[in-house]
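Handing you a structure now.
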Amino acid sequence: MALSAALFYFLASIAAASAVGVVVTRNLVRSAVGLLFTLLSIAVLYFLLGAEFLGAVQLMVYVGGTMVLVIFGIMMTNTGPTGGERVKRIEWILGIGLAAGLFIALVAASLNLVKPAASAEALPGIQPIGLSFLGIAEPGQRSYLLPFEIVSVHLLVVLVAAAYLARGKRKAVKP
Amino acid sequence: MNFNLDLATHPGRVFALAALLPLLPVVVLAITRVMRLRWGRLPGYLAIAAMLGAMACSLWGSWQYFHEVPNDSRWAESTDWIRIGSAKPDTPAAALEIGYRIDALTALLFSMVTVVGTLIFVYAMGYLSEPEASATGQLHTVADTSGSEKYSRFYLYLSLFAASMLNLLIADNLFQVFACWELVGVCSYFLIGFHTERPAAGTAANKAFIMNRIGDAGLLIAMCIAFTQFGSFNIQDLIAAFSGGLPAGMSQEMWILMGLGLFLGCAGKSAQIPLQTWLPDAMEGPTPVSALIHAATMVAAGVYLVGRCYPLFAPEVLLVIAYTGMLTAFVSATIALVQTDIKRVLAYSTCSQLGFMMVALGVGGWVAGLLHLLTHAFFKALLFLCAGSVIHGCHHEQDLRKMGGLRKAMPITAFTMLIGVLAISGTPLFSGWYSKDRILSAALGYGLANPMHMLLFLGPLVVAGMTAFYMLRLWFLAFSGTPRDPHLHPHESPMVMTIPLIILAIFSICVAWGWPLWNAEASKLGHLLELAQPPLNSPKELRERLLAEEYHLMAGGLALAAAVIGALVAWSKYGRRAPSSKQLAEPKGVFAEKWYFDRLYDATFRRGTVKAAYAAANLDKSETRRSLDGSLNGLATGSAWIGSRLRLLQTGNVRQYVLALALTVLGLLGMLTWLTR
Amino acid sequence: MNDPGLTGYLILAAFLFACGILCLATKSNAIGLLMGVELILNAANLNLVAAARYVPALKLDGQMFALMVIVLAAAEAAVALAIFLNFYNNRGTVDVDDAKDLKG
């Protein structure tokens, strides 16, 4: 559809521009904002693709959770607005070269793929996803009960670990 | 075990018993030395008793042998000692054997060794009671602490030597010969270096042993060739294989090589050129040792082996033997002309006489050479023992220039030494005359049959003249005239030393007698030896032998003339009036420098070996990087250097690690893309 | 305009990936590094979901995979921030260039 194509290009340009903004700016808060917009556009892209559940999760977890964490981290570590840039020019050149190289390699790989058409039916919605998490899957589909449980335990462990790691031991700031 | 020797069916066993008897004192003395018992002079008595027993056995055995028809089943036995491999369809199983075989040569030599050995053992009892100076003038600096320790060590080695020598003589295969050969060399090493407090003695012992070993390499090569070709070390088997010239399947070069190897071993043992330089230095040992080992027996082993393996030599090799012998005889005689040490003169004389024997064996005078071996043993032992008596009586003085007029102080020694000197010079009716006469006639016969090799007669003739000269010079310088050194207070030796001298003198006169007495060909010993003579191989040899017999008188006459000339020159220079100061000066020149052989060997072999030894030792030192140790250290240092350089990659900088990761991913992607395109 | 198709999404994801690498390579602040990591993860997620859409055989797998990645990325961000806070407490800075204790 023309609308979906136009939407895609619009969102893609926002995401790309925000990503470039993340990289280029020296101000840490500004790069955080750029990241925020990138994540937002990606979430909308998910909606565009038909993965509504995933888009919602992206918004909730990434935008609402991870970005908040990042902002908290920026505030708490308090490096000042400049961020203390000490990156040498050579590293910029090397980095850009490598990134460009990787980009070209990936694009070349993508362009060489067989171009499939979009499937007529929509992506599975929230009900099949939820049911497969519970172990009830339609015949022909597999259930994702085990990954669900593993991830749950993983999150619990991470919770405990993060709480331990970041316990209050506020010493005087070493110069 | 059945100790019944069963001498009725195997009378040869008495010789084996006699050969093993001297081992008894060896064992006893070894045990007492380990237990550090002090037995005074008892070791000597024990050794003498063993040798007397051996002598009795050997004389009885020889008596039995010569009254019988030779029969190998009664006089030879052998048994397998180590079996090698197993019998295959086409080759029988090989084995290393131990055995004995008695024939006329063995019986005669065996008796000679036991008789001379016993006499020398007795003599040594008296000799060991007083210390002596070395030939280079080094006196004792350390007092003789325990005299009895000397006795037990001396007789231990001497008995071991006697046992090995006797076993060598009765051995019937080359392997046993080689084992006893080495044993004899080892005993010689121990005995030359007997005075352990003198460095010169140790060096001389080393020299003797090493030169012997060089010769033994040749002997080993010959043995290996023999074994590879014929599968057996047994001498009789080898002789049978060679009867009738070159055996099938063996090339001429191999035959010559085998003969040369065998001769090299004998040259090492019998001090022929080029391995002759050890014998004069071996005079560092006590005089009884010089008499027994380096005059009568061990050096005779080389000649014995040549005689025993005579059919194994190619005609070319026999020629080489003859020329080597002649060359040695000549060179040694010229050196002996100018020597001033009484034992050195006798040492070079031994070399020279051994050369004579080799010449005889080379030109086909088998009986002549081995007869000379027998007679030489007696008069050379006599001469050495007399020299020992002189040294003993002059309180360890060995320089001839300081002696003189000892005839009055030591009459018995003087008289017996004169007999020895006359015997070695070839005076008619003395034992040496019979053998020398035969040698020279064999050489003349050979020279007449092959005029190209006439030198093989003329050389020994000249040497005979020189022998007479230097031996009489020795006698005149020592015994005649007036004493030249007033501080020398000579005295006659005790009876334990002079009685062997007298007995040996009697033997030196009459051991080779036969009837009629004035006929050199009629020697009884010669006839006995002819029983063991190897058969003629070719008409050429027969012709040589017939010529030798025909011109026998001429050769004898020429020899006598040469000896008389030499004696007259000696008498005129040294006997008629006191020797002038010029004659008593330090000798110089080629003869005194022993024809520069020692210097040559020193510059080439000794220095080279020492350099190689130092280079090998340097491999172990770690100071230089060229050494093994240094290169290993360098390896470790190099690894450490590489590690320290690689360490720089670990910067701890996260961003650089990220870049490295990205680079790796890029590389992998590229590879994957390229591989799956 | 024509449909971008799978290729368009893949190219976008590649661009985001490259930006993420560049961000990792050039930020000296630890939080900056974390942002780079988030960019990379999102790029991968986009790849997965686009593939799920355009390749019917994948059915549920694409979304599930992406879901797992989101959850794990969140967990990782939490732990990373905890580590950075610890680091800040010990050294007073989150500058990655100061973390040179592993220098060989």
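The first chain written gets the first letter, and so on, giving A, B and C; residue counts start at 1 in each chain.
Following the convention adopted for this analysis, contacts are C-beta pairs under 8 Å (C-beta built on N, C-alpha and C of every residue); 3 or more make two chains touch, one makes a residue touch a chain.
Keep in mind that what you see is a predicted model, and the values were worked out from it rather than measured.
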item: Partner chains shared by chain A and chain B (touch criterion as defined above); value: C
item: Most distant chain from chain C, judged by the mean position of its C-alpha atoms; value: B
item: Cα-centroid distance, chain A relative to chain B, in whole angstrom; value: 102
item: Between chain C and chain A, distance of the C-alpha-averaged centres to the nearest whole Å; value: 6
item: Chain centre separation in whole Å, for chain C relative to chain B (CA means); value: 96
item: Interface hub residues of chain C, defined as touching at least two other chains; value: 21, 25-28, 97
item: Chain B: positions in contact with at least two other chains; value: 655, 659, 662
item: Where chain A touches two or more other chains, by residue; value: 87, 91, 94-95, 98-99, 102, 106
item: Chain A residues within the chain B interface of the complex; value: 87, 91, 94-95, 98-99, 101-102, 105-106, 108-109, 112
item: Residue ranges of chain B in contact with chain C within the complex; value: 647-655, 658-659, 662
item: Of all residues in chain A, those that touch chain C in their complex; value: 1-2, 4-6, 8-9, 12, 15-16, 19-20, 22-23, 28, 31-32, 35, 38-39, 42, 45-46, 49-51, 53-54, 57-58, 61-62, 65-66, 69-70, 72-74, 76-77, 79, 83-87, 91-92, 94-96, 98-100, 102-103, 106-107, 110-111, 113, 115-119, 121, 123-124, 128-129, 132, 141-142, 144, 147, 151, 154-155, 158-159, 161-163, 165-166, 169-171, 173-175
item: Chain C to chain B touching residues, read off their complex; value: 21, 24-28, 33, 96-97, 99-104
item: Complex contacts: residues of chain C adjacent to chain A; value: 1-23, 25-32, 34-36, 38-39, 42, 45-46, 49-50, 52-56, 59-60, 62-64, 66-68, 70-79, 81-86, 88-95, 97
